[in-house]
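First chain written, first letter: the chains are A, B, C and D, and each begins at residue 1.
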Amino acid sequence: MLIFEHARHGRRAAAQAPLTEHSADALPERFRRRSATGLPEVSELQAVRHYTRLSQKNFSIDTHFYPLGSCTMKYNPRGSNAAAMLDGFLGLHPHTPDAHAQGMLGCLFELQEMLKSVTGMRGVSLTPMAGAQGEFAGVAMIRAYHDARGDSARSEILVPDAAHGTNPATATMCGYAVREIPTSDDGDVDMQALREAVGPQTAGIMLTNPSTLGVFERHIHEIAGIVHEAGGLLYYDGANLNAILGKVRPGDMGFDVIHMNLHKTFSTPHGGGGPGAGAVGVGERLLPFMPVPVVAREEGRYRLLLEADMPQSIGRLSAFMGNVGVLLRAYAYMRMLGREGMQRVAEFATLNANYLAVRLRDAGFTLAYAQRRATHEFVVTLKREAKETGVTAMDYAKRLLDYGFHAPTTYFPLLVPECLLIEPTETEAKEDLDAFVEAMAAIRRESQDEAGMVKGAPYRMPNRRFDEVRAARELDLRWQAEG
Amino acid sequence: MLIFEHARHGRRAAAQAPLTEHSADALPERFRRRSATGLPEVSELQAVRHYTRLSQKNFSIDTHFYPLGSCTMKYNPRGSNAAAMLDGFLGLHPHTPDAHAQGMLGCLFELQEMLKSVTGMRGVSLTPMAGAQGEFAGVAMIRAYHDARGDSARSEILVPDAAHGTNPATATMCGYAVREIPTSDDGDVDMQALREAVGPQTAGIMLTNPSTLGVFERHIHEIAGIVHEAGGLLYYDGANLNAILGKVRPGDMGFDVIHMNLHKTFSTPHGGGGPGAGAVGVGERLLPFMPVPVVAREEGRYRLLLEADMPQSIGRLSAFMGNVGVLLRAYAYMRMLGREGMQRVAEFATLNANYLAVRLRDAGFTLAYAQRRATHEFVVTLKREAKETGVTAMDYAKRLLDYGFHAPTTYFPLLVPECLLIEPTETEAKEDLDAFVEAMAAIRRESQDEAGMVKGAPYRMPNRRFDEVRAARELDLRWQAEG
Amino acid sequence: MPFIPHTETDVREMLAAIGVDRTEDLFDEIPARLRAGELEGVPPALSEMETLRLMRERAAQDGALLNFIGAGAYEHHIPAAVWEIATRGEFYSAYTPYQAEASQGTLQLIYEYQSMMTGLTGMEVSNASLYDGASALAEAVLMAVRLNRRAKTRRVLVPRSLNPAWRATAHNIVHNQGIELVDLPYDAATGRVDPAVLADYEEEGAVTALVVPQPNFFGVLEEVDTLSDWAARHGVILIAAVNPLTLALLKPPGEWGETGVDIVVGDGQPLGAPLSFGGPYYGFMCARKQHVRQMPGRIVGRAIDADGKPGFVLTLQAREQHIRRSKATSNICTNQGLVVTASTIHMAILGPEGLARVASASYANTHTLIERAATFGVRPAFTGDCFHEVALRLPRRAGAVLEAMAADGILGGYDLGRISPELDDAILVCATETKTSDDLELYIESLRRALAA
Amino acid sequence: MPFIPHTETDVREMLAAIGVDRTEDLFDEIPARLRAGELEGVPPALSEMETLRLMRERAAQDGALLNFIGAGAYEHHIPAAVWEIATRGEFYSAYTPYQAEASQGTLQLIYEYQSMMTGLTGMEVSNASLYDGASALAEAVLMAVRLNRRAKTRRVLVPRSLNPAWRATAHNIVHNQGIELVDLPYDAATGRVDPAVLADYEEEGAVTALVVPQPNFFGVLEEVDTLSDWAARHGVILIAAVNPLTLALLKPPGEWGETGVDIVVGDGQPLGAPLSFGGPYYGFMCARKQHVRQMPGRIVGRAIDADGKPGFVLTLQAREQHIRRSKATSNICTNQGLVVTASTIHMAILGPEGLARVASASYANTHTLIERAATFGVRPAFTGDCFHEVALRLPRRAGAVLEAMAADGILGGYDLGRISPELDDAILVCATETKTSDDLELYIESLRRALAA
């Protein structure tokens, strides 16, 4: 039932708006609204009940193991939420003069410093509001750098074929052509192809390391040399930073610019699709180009650096300084983990992934890169299973829901047929990994005897499988009052 | 799965305790614990996930219509919760000197004043921690009053047979014998029986008005006269105050002492069984006997009155001043309702109950007191249905769960066979009442064709019906590690 | 109309269905002369925004003093997850779990709570909570009277080292039933009960029960083994009154002496309830299994459903007021469910190691204060070993010293002169794990200044 | 090890299963010379207690000033229920709802959100949110370029009465694709765009799109009907940039002029997002249905499952980066889900009447300030009708005046000198429904004093 179906004309949550009506009669007639807004008219209890019940229809980290590859679905500490929801932070207007926002600016400055330390970069700007905006900022900085040097003929960004879709989409948004670099059989970049692709037209390369295939790019140092030598810059996509946190730093690998997904690595909530935060870090060469605002410390006081302070900046990417509430959660998380906790993230995420990979392999499943170490995630291919029983990766995914597990990422990376990308994260306990293996093994058994049943899954969710094709053809994108 | 079954030795939520171990080595050996505490060793995520999932197994006001008679399951405003959970209130130590607790004391003083106004009493003490403790305080004051007058031979408390079990239990706790007064067929107290029962041994009478039968005691003025004339006092059980809030005040009806269930009438949360708050109000005669602490205002400052300030007080009933957090929620609720909102509570609670009663009657159900107005609740008797189909009130209650409704109170009041006591409260919308009538009618139809099915309900809950007899015989009251 | 969902159309249709013209007609059974007028003591309504602004101002009005008072309520860190989960609507707005099938969340949680409390206290059974520690003691006294049929009198020994507010509460609740609480003195030097004083009460049936606090009100540890053995030897019910947090390190009452105790009560506040000016907290009660049918309050048991699936129900309800009425074990009905919910989550998150660390840090911090105060001659009032609270003897009356410290933003302690004139130069001080070494230093400096003034 | 559940036994068993000796061995593919040393920029760990104490101190450090600034972020009351429900774990810790069957809560909520936003704006389709209003404007510009194939150039008219931060953001995002934002001046007297200036851009295909803010950055109402009709007449895509709260009273963009607009964007902050120093807020985007395949971002549609039961799914995913990669409508991936969750609950609770009351009260409070300021000669900088925000012209430079007011605990307004030297004696002031008449009086007195000084 939709919230609109609980509505009755004249119903109100009367405590939630001014009790007396104020006059806006002076508002000239030609500006006035004459039509209804279509908002629902419900009581406060109805709204509370409706959305409380809706929430129960979701799987989430707080209710289920959620091994969604490339998404780092680890525990979002409730303490981080409490810290960010303090009245003093929530009530602070973004145009508050710096002098009256020192507490907030102090947190943000220290967050910049901590992120510099864990990434090995020289400067950090917190303002991008999601990973994709961080990518945009990064590539825009690469472009601004070349432009500032008068090196404007560089027109191409190199992107491995295993990359997230945001990489090529971002390059396009920055006005670059995208050139795909193939991946070799062992999961690393095809070095021969890279060498052939690099040239004076190369603005830079976007790399995810560990890659989306769940392996560490072993030639990273060599790649950096090749690209740098050609005058290009290296962009680090931080999607998988969790795997190597504190173990190896993008700055030390030779990257010139990176974005971090604070909602992955630093455990701010995914929130059903955001808000994220895509802070960017830069090396020496790109320092002048960082997006504003950036927090500076001068004589013990904090100050926002704006356009006038950083004339070569690519400028602002939002009206204020990004998703501050998310940044505060990341700050709290990093303080609770501390120096020594950073490395543990990588260690236990990697331990969990390798353990789960080995257990699944031993249960008869095929690892896409069995000869490699798993990083914090790994790819299983169900090509053989699909051929033998007709039960596909999607069917496994849906059936897992019935077993009380959120599905891994399916059909990504695109290179691997019938794949599941599985990322358990460091916050899950061994027995939950074991239970996941049991469920996978059970589905395999079911597939042999009752493939049709498995292909009809899920059965225990609020809905069965949807007809998505029809949904896209016969678009129904909003509720409308009848008549 | 129990929380203990998620535990593994050595697992910890490490952010939640001091990071370094402090030494308590100076603690002498003879005082030291040598055995395990048996607490579970789980991660923070495991605890969050376990209790989040557990919560989803509950029906609650926030998720379901919950027409539990005599319990006033109305919307608990989230604003009241936010107000009571402010750091400044939560962090206040109960021994903070009055001078440093003026904000808190101001709220509590104003709450006392508001409660005096809505009940028509002369004084209010907020300290009782639940309705039953409020009852205790009330009867203890009656006793203290008689004792103070040297009128110590009074040994009996009169209680109508329709009363809640807490009434006779409380009288016993105060050292009184209980004499039951029968109820006449129309639901009012049997006046003849009352006259015969009253005498010099009468300490007082405990009345719930409206009574647990869902009707207003029409002879209240006469009853007050009879009891007072005999030297007894009148105790008002506030269980059903919601029905008459602001419409008729216990003080005006002639009551000498009352308790209020703030968790009913003033919508503080029931919390799965408390904490409640059972503030007491008194008339002139009992003012000196109120339980301490009481908040006084003196020259614009607030002060806690303690034993030394009120030498005739029945004293304190808790270590401090009761369930303060609950009191703050009641305070916020009363401020949001305001003067004009108080009467609306009674009006719409009564409107909902009478409407639901009439709709159920029209659907063929039998009202126990059809000739009377319903108050905020009413009694349906399923005696006929039980006889015809074997489907009892309990079966209806369980089957209602399958329809998504919490069951009404069953088998109470004890006077009415196969009864349901139904209290919709003022915060439920008409269409939810209509849906409840539909469900009742549907169960009636099911009872005719598939009585066995109905008697096996519920089917859609986490559990089917329990073997309670066996549970009481083979007591299993705690989890224990094996071995 | 805040919280009322009715539209004008709804009201019209509903009145029509009932067959009356106005809502007012529904009140026609109430005698007109009794009808209330305007409620002048209730101010006009505020919106939620106005209410929250008002209450934010009230909450901030007095500032936040750095708190070193315990005296029955202890400041501890509560994990953020605890109340975020406890205030989820499904826990917050549910009723007592009478309909077991629709209340498995609350019921299983209480079962887990009972398991944790019995583990912590070393006892066999626990109820689902009582109001607070003080009233739980009263219920324990009543229970002891029901249990000890051998006793000729209804006398219960209560040491003066017990929290005086608990003693007063217990008296106020039990005295109408002819039960007498007999004062047992504490040793003025050690601050704990000298077991020798019990010699006066050894006659067969002279007393029903003995209450033993651990730690006692002065923070001092009682000789619990000796006291427990005395009670066992003389057929006296032993009621332990404990701070549950300290049980992470202290011997649990179930292991006191040769036999362990009969009943354990205490206040659950240190396990997840914020100070909140005194409540809501919760009282807990554990006992030997053989006593379970005399326990007051709700009890949850594991049960099997019609499909053979395990689950949980309220059990032994025949003890309770809604069944037994005037013969019930207590009049208790509602208890402190939501606080128990929070506390159970709190205990699960802290676990045995976390709780032990909190207890050790509180112990260590208080002992650091003792050492630091000794450097300028301020020493404990008693020689008995204390846990995480100490009575300090000052060179002058405590009142003015505490006022001076409050001016520094510090709640310096509980003025023991409030309970006894001979202690008017003593303060009861508690430094839990919430205090940093900087905080301790602030305290010591403030105390030193106040004494020097 | 905060947030790590592994016991030593677990680790041992897991390493054995993998067949390595130490966790460190799992990193053996990383070249040794790249391995990081100690992270000196990260301080040692704090407990949650220490972290919360630190952040409470930071949050309280600067006091709370009484805020009269809007300028793109507006202080409104948010019902307590809103964030209590939005931060429930099931919303808070869920991912983007790719697995529809396990995400019906989030999906239905977004469908309801889309319905509310289309209702409010008078448009036919809405996406599931973008980052904020400023970046949503950038996306709208890109979308307009994709839509308007007739335009010969990639020029978009942007009035200087638009929030300058939005203009800058849009430029920064779109300029690499060769799109030019052309300044359109506002009338210095009225503070709004004089439609006559559009005459320069009437040549066929001269411009791709026109952006119209309502209210504009100065709080002034633009002549939206005239501007919209001009765009429709000349084949120019009209992008409305609106404050959604004001749409409770103002004509929705879908009804501007004869045809309504093509695209509506704005910042959803006034509908349930706290100020929070600038974020997280969310950008919204609505459009004509015919444009839906050029919309960026996620879109939810109603669908039918295998049992014929209705439900909700992400739809039209073929537009998005994870499918179309370099040819996607945008690189957006994560949006602002949790804020949308809160905002949807906020709108449901306020409803049409509640929202209208908030808007009216904000309108009335700001106009009261205008009247009161006029009593001592301070008048609006522009003659155009304003809504709930006004540019006041002061008799001196604004900076010092605002500093003096800050010393009174009042954020007196946004210094318009920050955006233009000719406005350095003007402040932008906003008084929403959160301000009482006492607050307004405090403001007026403080301003009067600051000017008198």
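The rule is simple: a residue touches a chain if its C-beta (ideal position, glycine included) is under 8 Å from a C-beta of that chain, and two chains touch if they have at least 3 such contacts.
Quick caveat: nothing in here was measured; it's all calculated off a predicted structure.
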- Sort out for me whether A-D or B-D is joined by the greater number of C-beta contact pairs. A-D
- Where the centres are mean C-alpha positions, what is the separation of subunit A from subunit C, in Å? 46
- Rounded Å distance, subunit A centre to subunit D centre (Cα mean): 20
- Item | Where subunit A and subunit B are represented by their mean Cα positions, the distance between them in whole Å | 48
- Residues of subunit B engaged with two or more neighbouring chains: 8, 11-13, 15-18, 42-46, 48, 52, 56, 61-64, 75, 77-79, 81-82, 87, 336, 427-429
- Identify all positions of subunit D at which a residue touches two or more other chains, and write them in rising order. 1-6, 10, 45-49, 52, 56, 77, 79-81, 84, 87-90, 433
- What topology does the chain touch graph have (line, ring, star, complete, other)? complete
- Item | Contact set on subunit A toward subunit B in their complex | 6, 8, 11, 15, 43-46, 48-49, 52-53, 56, 61-64, 75, 77-79, 336, 427-429, 431
- Note on the structure: Listed in rising order, the residues of subunit C that touch subunit A in the complex are 1-10, 45-49, 56, 79-81, 84, 89-90
- How about subunit C: which of its residues touch subunit D in the complex? 47-49, 52, 77, 79-80, 84, 87-88, 433-434
- Write out the stretch or stretches of subunit A touching subunit C in their complex. 8-19, 42-46, 48, 52, 77-79, 81-82, 87
